[in-house]
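The first chain written gets the first letter, and so on, giving A, B, C and D; residue counts start at 1 in each chain.
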Amino acid sequence: MPTQTFIESEPLLAERRALCRVVGELAAQGWCQGTGGNFSVTLDQGPLRLLITRSGVHKRHLAPEGLMVIGPAGRPVEGETGRPSAEALLHAEIVAATGAGSVLHVHSVPNTLLGEHFAAPGGFVLRGYEMLKGLEGITTHETEVFVPVLRNSQDMTALAAEVAGLLVEQPGLHGFLLAGHGLYAWGASLDQAHRHVEIFEFLFECAARRTPFEPFTGL
Amino acid sequence: MPTQTFIESEPLLAERRALCRVVGELAAQGWCQGTGGNFSVTLDQGPLRLLITRSGVHKRHLAPEGLMVIGPAGRPVEGETGRPSAEALLHAEIVAATGAGSVLHVHSVPNTLLGEHFAAPGGFVLRGYEMLKGLEGITTHETEVFVPVLRNSQDMTALAAEVAGLLVEQPGLHGFLLAGHGLYAWGASLDQAHRHVEIFEFLFECAARRTPFEPFTGL
Amino acid sequence: MPTQTFIESEPLLAERRALCRVVGELAAQGWCQGTGGNFSVTLDQGPLRLLITRSGVHKRHLAPEGLMVIGPAGRPVEGETGRPSAEALLHAEIVAATGAGSVLHVHSVPNTLLGEHFAAPGGFVLRGYEMLKGLEGITTHETEVFVPVLRNSQDMTALAAEVAGLLVEQPGLHGFLLAGHGLYAWGASLDQAHRHVEIFEFLFECAARRTPFEPFTGL
Amino acid sequence: MPTQTFIESEPLLAERRALCRVVGELAAQGWCQGTGGNFSVTLDQGPLRLLITRSGVHKRHLAPEGLMVIGPAGRPVEGETGRPSAEALLHAEIVAATGAGSVLHVHSVPNTLLGEHFAAPGGFVLRGYEMLKGLEGITTHETEVFVPVLRNSQDMTALAAEVAGLLVEQPGLHGFLLAGHGLYAWGASLDQAHRHVEIFEFLFECAARRTPFEPFTGL
């Protein structure tokens, strides 16, 4: 089946619009500044097919044509033109490992600062907050959610391998941070992934307001 | 009278739309992240009938069908499908105790942090601010408003009993916090309850900016 | 000339719409929470006639009918129904003393906190910021702008007298704070008053981020 | 060719609309309070022709007629009425030195505070953040971006000369700060300049949250 048919079919247009709507809401909260962030929904688990944001598009006004279809290893499927987000490979890795229906990656000031601050210990624990219940499977505030922080890297292959390792070790995750970079969060559906991003970001702001960050010297 | 008739009547549609409009404004301020928050207007005081948000609906785009009618003890009335908010019982309790025309429950970063910080003493006092006059019955800034903080719990029956006790002890309240969870505020009308939420949140941000929160260690 | 004619004339409708637009923009920035704030444009300097917001109306969706006409001493003109803002007298006093074309009063978190913090010394100095040039008559950042802080009071007659005294002593003012209450700012026109509010609030946030506020203990 | 023709031609209308859209988005983020900020796109590099915001116009609702065409030294071209932004000369200087397709100047609380704080050392270094890759030509977070801070001045000729000197010494810049004043950022295109502003402001907020600013005493 040629990609062409796939793209023009009604269901895919609906997926495109749904993703654009969610990304627009994330961008409106300041989490996609300067064309930042990348976002996908899963079309097929096997062989893997993801609808994902193209590189360099500003997310505040994302339109259906700002999305493209990629396959395994984050490579564009046959018939697709243009370049996917540089981090398409991470999306593919996360979907392969978790079966996620959507992966959302945002940059916020709190997630950038917390990732930087907690890079050395490799993560931090959130506990005691009711909003933790917004993460799928959590039914009480009396819980501890570990947010892993991976060192940032421009070597996507190495980073994807590290992510794959993390997801094997900690199978129940809904998200992780890249240090000084941002949040990857996912869910069984686009709505669930969206909810997870908002929950994490809310809790990150709570944590960031209480965190004694290392003073910025400008040197 | 079957619920069906009730739901399709003009007055109830107006109530649904009014509640959706208010909830949309609250959500736009970041107080309902990740499907958080729940909201009701009182249709009848006795027997109790509340129009309340369904569980799991995102509040940013709440539509009339995202609401349902519950009766005493927060149970759906006959003919209603779906699940009300988990905390419907608290709404019913508050309306029963205070005669409130509307109960609004929001999660904000300041209300989460202040609730957590002041859980041990069981509350905190706001004083000296002009905006306190936005709370019904207060006519001068030279006043003290105590904001009770109850320990959070997943046992809604126990929590509802605790809330009932609080409302007997302190009958003049317009709201309280659940520690690390959020604000419950109410008023004689939907507009008054809305005003109370905005007043509390404004004052919470004032207080939070001055509060020496316990440093977040991530451990 | 009966007020009726005045109200229905085209020019006044234009003034109403202009004021509603400005107030809507101020409210969208969070400066009129909980029906807070009051706002006027001057229709006539003598005898004084102001178009001013009615009491208790939420400013986020202010409509032309949410405004009314008052005369000297802040009293409704003949034919007007309803109650003006409690602080209408202050508007009248400011217009009488300065010839302002518009007076705008907003509550923001920084203006509330700075007013509270600097109540004892009676004000604070802003200096060195380019944005000071947004205040009429200031042409360089190398200037000092004193922001007076008056003690808050519910006695509007006493407060109006204090404001009148202040405006005689410091004739070049564009605004002042009431401690723990908010900002009064004005200008020769509605647009200038609007600009002054935005300039003050920008500079207040700059100052507030640097101010060592007294810790909030909740006691 | 008379300016008149130029202004009414379709391409220039498109440029006006594009610039209005970008400025509106910047203003919506609070970076153009009180008519602050000025913005240009380059129509011709030689002889220099810039489309630039008129002085005193609020940027939140910028319309095509709020723009005008200037030539070398920031002077209005023949046929143009009105006054360009006071800082038009700086725009002209930056375009002449860098070949920028657009220059955007915004005031934000973090850029004002950081400029003030780092005026003495003459700038500060941003490092380690993924978002640095949003600046053209940067391909890794493992980099250092120096943000120069020039002393603010009302002498535009002197300031323009200083800017010209800076751009010769540090040819790879995408922006600089004026102390206590704001950010100048530019790019090869309007979209790139827009992206650079958002990237800088994001990183400024990250830095500002970690900066131990000198306490504000109000004296």
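Please note the rule applied: a contact is a pair of C-beta atoms (placed from the backbone, for glycine too) under 8 Å apart; a residue touches a chain by one contact, two chains touch by 3 or more.
Note that the structure is a prediction, hence the values are computed from the model and not measured.
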Quiz item: How short can a path of touching chains from subunit B to subunit D be, counted in steps?
Solution: 2
Quiz prompt | Reference subunit A; chain at largest CA-centroid distance | solution = C
Practice problem: Count the residue numbers both subunit B and subunit C use at their shared interface, divide by all numbers used there, and answer same if that is over half, different if under half. | Solution: different
Self-check item: Separation of mean Cα positions, subunit B and subunit A [Å, integer]
Solution: 32
Quiz item: Measuring from the mean C-alpha position of subunit A to the mean C-alpha position of subunit C, what distance in angstrom results?
Solution: 45
Practice problem: Would you mind listing the residues of subunit B that make contact with two or more other chains? | Solution: 208
Self-check item: Pairwise touch network: line, ring, star, complete, or other
Solution: ring
Exercise. If two chains touch, include that pair; go through all of them.
Key: A-B, A-D, B-C, C-D
Quiz item: Considering the complex alone, what residue numbers of subunit C touch subunit D?
Solution: 25, 29, 117-118, 121, 123-125, 128-131, 134, 139-142, 191, 194-196, 198-199, 201-202, 205-212
Quiz item: Which residues of subunit A touch subunit D in the complex?
Solution: 30, 33-36, 58, 60, 107, 109, 112-113, 116, 152, 154, 178, 180-182, 208, 213-216, 218-219
